[in-house]
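Just below is one structure, and these are the notes that go with it.
To keep things simple, chains are lettered A, B and C as they appear, and every chain counts its residues starting from 1.
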């Protein structure tokens, strides 16, 4: 969990048209770490992930991946480098089968053998998917779709996984299942950056956390210390 | 643009003068222009102006529907065809009918109406048909309405080609009395623009624009979208039909081919150039596009380059239109005016401000721009 | 000819319908693919067909054997499709639907009048080899224009190949993904731009193949010939379900069948209104079942 950062943001600013979403954001993720990105609605958490994966071009600042600048590259190119973004709302391909979704996840892999490895890995984590291989993804339940979305992202053998709101719209029991799988992934050494509304769950998983508010970083610390922090409580429960 | 909102501003004397000045100046200009062309004796210019005015009617009417509702009607030229054929059949002298349209049913074959009633009947027939097809079609959405109206254009064409007793099919429809004059077209065009203008600035117009920009929101405040669109469709079809009648009595000979895709494309480009939703924009757009196409059409027989001629260049004017539209969609989708209007009084105001600014060199705080009364006060003070 | 209702009559209609339907299906597929990846109704699809016919004619006039002429025409169509995507449509990707529609009109008008400019508006004959135009008499007095066989066979091969491509290859799968959700597709490393280009190329090539059969039917080519095919393709797509490949294929055959049927059973007094009736049916369909016969097509309601 040490060493040079896999991912680094330096003074990143981003906007949607005239509306500024991020102000001078700097953060980093080291290999093997699980970092949580917390904050109230509209704080810029999703925007941060979109900037990293290339869906939104920052107006200022740099994004470095393994010390290489990737600012402004196309999302497809960034995905092919190993930065895999599992977007908010899951976005599984509803008209395609579970199998086809998974296969698409492995698009960046050039190798049949690697594809098979990924499949086994993914079936190990989410056995339910193996049972529903030929079902149209749109027919799965919300929780199963979330698992499919994560599995699909894992198929690419990501170097770093960006997860946006994995617990969104899911029943508490399903959230448990999902986070159990994430804990396994953490144990296997996968580097992750997770955006979550559910601060408790996120802090339970992550090593470090950043807290955003109105596009600015307001807290950054080890999760153990953050749990005690009164400022965090205030941010989440309002002023 | 607080300048456009009426009530508070009218209290200030300066503002009222400028509106009055703008409107009368505009009216005088148009009248002068009309007299110039009419008395001028240049037959080419007169013909061009008549065509221009007819096109203005077509474009303004299309814009009245498409621009205000956001719904694309690709079938409007079908209305033009209906109005053209209907009014031409009504005005054709009985003797001519016996020769040209021997299979015309008796009630129609035995009458020949004067110009205005024929135009009105043509327009009304077109409007009724529009209302009938509008009821089902306007319920569709987005590009499906465009498709359905294109279907209407094609159906109209097929019907015109096949109903030989009424239309002589694909053969040229001749013998139409040449009733159209500059005066008639000018009056009708003026009337059309006036109706479109009043409609835009009426409650109905507001409802249409609301439904265009946010259909669900509009429903939420009680706008009956279907009914409101149908009314616009009907009015638009009426004027398009009348324009068709004017056109028929200008050219005096035509066939169904005139009312198909290239005319549709021409009108659409004029509308986009002017700005979807702008009445004055349609006028300006028509002017601009017609100038370009006339220019290009004159080059079509061939262009002298040095010692040899390049050509003939058939299709050049259409290519010009296509390129214009492509550039517009890429760089300026709102055309010239978007959905604002060109107001002579606004231009005069801006001229007035400019003149005032030029008269003294003090740095102008921005508050001054908003109130001409203060401007006048300051200018009086600075003169002392 | 044959008495209406006799078995020979129905077999004849079936043959004609399959032949015509194959042409329409090939033309419609290109339109559907482009709409699926770009939400663009490509009215210039017809002009691509027209240009591929002219390219074929140019090659024929140079004395090339017909198989090469056909290949050249198809390649020409594919290239033109690629150029169109790059130059005319990629810059406005993501624009509102109406803008895309208008743009495609403009491109169509441009391409048509470019042909008028270069080749003059008059029609030119396009001589086809006898193998394609001969009429066979397999039994009784049935007419089997061999062009129908060629069209059906060609469609089977081409559409079969397309089906394989779309369902069983990585790239085909990527195309379906990009059509459904381009953002998510990008996040998997799929270059949506390249996939779109591929859709244009394949769709145009199919249309290039179709136009060969079309020209064999009508015998001459002229710059305005693309307008009717693109309308037919469009109607076919809507009937089957707009924006889907299976919809386009089914719609093509249904349209062919409808046209042949109307042509066969309408009394001569009203047979001229056949096209108007087809469009009336289309409008009715749009009102009642906008998703098309299969129900999976685009169907927004306002």
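By definition in this document, a contact is a pair of C-beta atoms (placed from the backbone, for glycine too) under 8 Å apart; a residue touches a chain by one contact, two chains touch by 3 or more.
Protein names from UniProt, one per chain: C = Amino acid/amide ABC transporter membrane protein 1, HAAT family.
The structure displayed is predicted, hence computed values, not measured ones.
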Longest centre-to-centre distance from chain C, chain (CA-based): A
Inter-chain pair with the most contacting C-beta pairs: B-C
Chain whose averaged C-alpha position falls nearest the assembly-wide average: C
Inter-chain centre distance, chain B versus chain C - centres from mean C-alpha coordinates, in Å: 35
Centroid distance [mean C-alpha coordinates] between chain B and chain A, Å: 54
Intercentroid distance (Cα basis), chain C paired with chain A, Å: 43
Interface residues, chain A side, partner chain C - complex: 53-55, 74-77, 79-80, 84-87, 91-96, 100, 103-105, 107-108, 152, 156
Touching residues (chain side chain B, partner chain C) in the complex: 70, 72, 136-137, 139-144, 146-148, 150-152, 154-155, 158-159, 161-162, 215, 225, 261-262, 265, 268-269, 272, 313-316, 318-319, 321-323, 325-326, 329-330, 333
Complex interface listing, chain C residues touching chain B: 41, 88, 91-92, 95, 97-99, 101-103, 105-107, 109-110, 112-117, 120-121, 223, 227, 231, 234, 238, 270, 272-273, 275-276, 279-280, 282-283, 286-287, 290, 300-302
Touch list for chain C against partner chain A, complex: 170, 173-174, 176-177, 180-181, 183-192
